[in-house]
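Got some structures for you, see below.
Paired with chain B in one complex and with chain C in the other, chain A is shared by the two complexes that follow.
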Partner chain A sequence: MNLISDCEKNFLLEAASQKIRLDGRQKDEYRKLNIEFGLDWGNCLVTLGTTRVFAQVSCEIYQPNQSRPNEGVLQISAELAGDNKLTDLTKINQILERFYKGSKCVDLEALCIIAEEKVWKIKVDLSVLNMDGNTLGCCSIATLAALMHFRYPDVVSTGEKVIVYSSSERDPIPLSLHHHPVITSFAIFEKYDFIILDPSFLEDKVCDNKLSICFNNHRELCGVDIEGCACLSQELLMKCSNQAATIAVVLVDKIKSAIQIDIKKRSSKSIQGLEPSISEECGIKLSLSDKFNFVGPLTQENANEKIEEIMEVDQSIVKVTTNTAITKCHNNLNQVNTTKKEQDDKLIIIDPESTESSSNDGTDSDVQLISHYSLDDRRTIIGNYIVSDGDDSDDSDNSDVVILD
Partner chain B sequence: MNEEFLKCRLGFIGNSDGSAYVSQCKTTVAVSVVGPFEPKSSKCLYDRGTVDVTFRRKTGSITVHDKMLEGIMQSTCEEALIVEQYPRTSIAVTVQEMQDRGNLLATCLNASCLALMDSGISMHHLFAAISCAITDSEEIILNPDELQINSSVAYFTLVFSSSESRQLLTSHTTGKFSHSIYLQCMDKCFAATREVFSFYENMIKKQLIYC
Partner chain C sequence: MLSMEFNNVVLPSNDVSHIILKGDICKKNEKIIGPGLKIVDNKIFVCNSGVLKCKDEKLFWVEYRKKKYSPAKDDIVIGIVAAKTSEMYKVDIGASELATLPYLAFTNATKKNRPDIKLGNVIAAKIKMATPYMESEISCVEYANSIILGQLENGFLITVNLNYALQLRKSNSKLLYHLGQFVPYEIVIGANGKIWIKSASVRTTIAIGNVILKAEHLKEEDIPLLIKNFNKSLNV
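Up next is the complex of A and B:
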């Protein structure tokens, strides 16, 4: 997965020399961005093209660092959800921590409960579900969206005691963000002077140089990361920065509008949460019906009941053919489902209500008694009534009857 | 009963051999299957493949209870897979929780079965899990919601195989209940799993048509 064949590489470079991208995008075109929010606060799934990152923000009360006693703690960690040990996300982790902590976008001082004792620790956990290029950009969008969406519980400190209110008691508070930084990634093919935005997986692997610029919504630079060996001119860097600034504004607007839609949905209680989107091509859903067809063995309850009554078989004898399975629920014998019956046994159903008790002791030779009904037994059962064939010998059918002990 | 019980998309996670994104009512998980691949020599068994299930909470850290769920999933998956066919290899199943509103174990198990089906690894049988709760009045609620679970006296998760005869693979229970109730639950859950299996079938059919 992480290795690229020479053919692919050459083909892509060839295309780059003609300033064409494999997926037909313009060089400054972003893939389709989709942000979904879950039922919990600070839970989102960001899809950029096919790159998918799932983020969850959580908080806990924590002891502050000695050096910064009145500041909360922000921690960002990204992990790969697919068990592919080949890819290393430490680089992405470092960049995210540097850009988001370094730019001081989260008001950490507001997260202090008691100085030097208790502060909120905000943890952002990113799970990279699918890596298809621009993982860093997608992670940064997910981080920002999750942080903007997150609400932490209200806390009141009364000198000695700290009371944390649950969401039902008091509305949780959103994090206060000074600004909204977002990372824009470029891939640079130096030889062909071809700079592309939002590289795909292949482009990401083949390019000479990767440039990640972090801008906030006020068009302020929050960080730059250059990976690779090409030397970049000042001119090029400025050009990219300007482009990144414009894109950052657009991205932040998109996140904001997505959050607004989500909050509107929440107030109207029509929120769905995360779930697979079902379309013609992919995905399927199942609705569970209320009634099931019970096929198979009876419950033990019936088996435990003692046999008190012996009944005579009269007209209510039903001949069961091969394609009928019998079941019993709520002490009623129902014919519920037609399944293939392996044995060609002839079975008798007795209607328990319509028959009269008989004086005959019903242990006939025709009657097969089963003391234990195993779970994997597929034979149909009659019930806890002993079938007797009456005084006179049975003439109609040479029936084998299965009886539950 | 819920209007939409199961929703699924296969092939959701790209860098894996098989994956499923499943939501069962309001609980959502994503499962990826990687393998069979060559493991570290210490994990290598000469006559069979090893199955590794990793359960990931959305907040990163997992508890002892989560470890137990992991163990249940691992034994169920291992039973279903024909591990003898893949000696000296390892199969890694990663279960990522995305949203939990009750019945997490059942959802994880159903999702792992779908992901294993998607990966094309040989299996003895498929499996489907159904949860049910028992109320004070001994009423059985299939696939209960969070509230119903919390107010129940007992809570079961039963896993059945797809074979013609009734084979109970895994049973995880909490609370106090009578023997007869347990058997009644088994009847109900078994009937419900038949629907889940037909869902699996439709899922694969659809996957084959459109891919």
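Up next is the complex of A and C:
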């Protein structure tokens, strides 16, 4: 199933050239993120769209490395659940280890019990339950959430003896994290100058370049990984990293709020664990995916561009002929809209006579369009109307003015 | 507790022998059980959760959300060419093993006139041979009155579950008919759950794909609404 057919590839590239994403998302839109915590500390299930990663943090007492006798050990390993021969996750493992160890987000020295003899070894096991793009991003969210959620048992060393207290005797201690790094993934279609955030499985496979940027919640860069062969400009990297920084802040906030909710639930002893999120009903919802409310690709970008163009036309008209029919009509439209908005009516009915009088002839269809549009489409109507007028306006603008003045 | 009847949901390990074997209209050996049912010790058990179906009091099966295709003879499937050997293509049809497609199994193909198909191309083919012990063999030879087989160019592939693909293939599927009233499009539905769609523009193709994916869990009455929605999105 890892095979990507030519059909899909070409289609996706064509869509990319038109700046459309298959699931109707904007190019900088993240899928729905859901973080659930299990009954144990450091046990969480992260769902990003339909990508699912389960994380479990465990700890054990371990002999430290000779080179770093007073530091604990952090180990991160990701595995594909089920048949793991199909996809190789070593790349993801490497990146995660590099970013999380390299950025020194976990205070490893605090994990030392007796220097050179006993330290805590923190192990993060990630199992990827469903791969639907942005596995790395999802894994990093799961890692961070699990690490932030994890508590390790309290330990007292009395010279010779080391006493490990169970959770009933003493409250376990959370890990001390200096900062919270999160990885944001981009897929880059170089040819079409199309950079997308949170790529889906197909986008991930087809794109020229994969750019993963790790930022923490203080907007500090923790690592960059570039996969692929396109050459990236400095500007592009800066733009992406700015975007990644803002997203990282949002993601970390989300994780924090999820943890707070979980802790509140724990104190009120109403935790249900992962059971509700794995139950059948949610499974069906998951398979339906979040694109349920989306039929056609509404490229907002194109629509915006159109509107911008129209605005230019509008302005030029205003410059040439102030207080003309068009501007009046514009005002009328706005007035009608504002009044109608208060009444919560679905239809705008602009007195067609005035518009007809303003436009000489042949624009009957436009007038009809306007009188039948709904409130939500206000901007585009104005656009349509003016564009159709504007096309003529180059020649007939002045005549229009003459007639109306 | 669910009452076990036809067109009702059954769960694995449910014993349905009493409803299948009830009545003496026909003898035991005239009843045929299909996928999702199993005989153990002269009793019929359900082995997949789904809806129990029956036809003419004779054929019984369970309809369930199945994604792994098991090849059956004369099915039309859509596959992706995964490998090439000196004599045949290996095609991924979503089954447990790759299917084989000999170079000669194309219309008008001879030893010298080989089909020009590359890795990753999508083909529509008919299953010629399916045995549980061997790789299944497919062929693209077109007979009179058969649908057009061979390479599918451009367009887009979506994957649905097998059951839904079969539903869509039924001639009384209104969805595809209604869609065709708004937009001209080409579609090939493989029995292996892969659907190939081609239309004039990227937007319409995406929209058609989404409508098909969405309609799976909708009731028949809601489909006109969906189509309306679809039409609206095209006209924006």
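Rule of thumb we're sticking to: the second predicted complex is superposed on the first by the 274 of 405 C-alpha atoms of A that agree within 3 Å, B and C clash if a C-alpha of one lies under 4 Å from a C-alpha of the other, contacts with A are read in each partner's own complex, and residues count from 1 in each chain.
Please note the rule applied: a contact is a pair of C-beta atoms (placed from the backbone, for glycine too) under 8 Å apart; a residue touches a chain by one contact, two chains touch by 3 or more.
From a predicted model like this one, the values you see are computed outputs, not experimental measurements.
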item	value
Partner chain(s) touched by A:Ile20 [first = chain B, second = chain C, both, neither]	second
Which superposed partner A:Cys231 touches (first chain B, second chain C, both, neither)	neither
Partner chain(s) touched by A:Glu8 [first = chain B, second = chain C, both, neither]	second
Touch count on chain A, higher of chain B and chain C	B
Partner chain(s) touched by A:Ser58 [first = chain B, second = chain C, both, neither]	first
Which of chain B and chain C A:Ser127 touches, first, second, both or neither	first
Set intersection of chain A contacts, chain C complex versus chain B complex	1, 284, 288, 292, 294-297, 299
Residue numbers on chain A that touch chain B, as the complex places them	1, 38-40, 43, 45, 50, 52, 54, 56, 58, 77, 79-84, 87, 123, 125, 127, 129-132, 273-278, 280-290, 292-297, 299-301, 304, 375-378
Contact footprint of chain A on chain C as seen in their complex	80, 82, 92, 94, 118, 120-122, 152-157, 196, 202-207, 210-211, 214, 217, 226, 229-230, 232-234, 236
Chain C contact footprint on chain A (complex, rising order)	1, 3-11, 14-15, 18, 20, 22, 24, 284, 288, 291-292, 294-299, 303
Chain A contact footprint on chain B (complex, rising order)	1-16, 19, 21-23, 26, 28, 30, 32, 34, 52, 54, 56, 58-60, 92-94, 96, 98-99, 101, 142-143, 164-168, 179-180, 183-184, 187-188, 190-192, 194-196, 199, 202-203, 206-207, 210
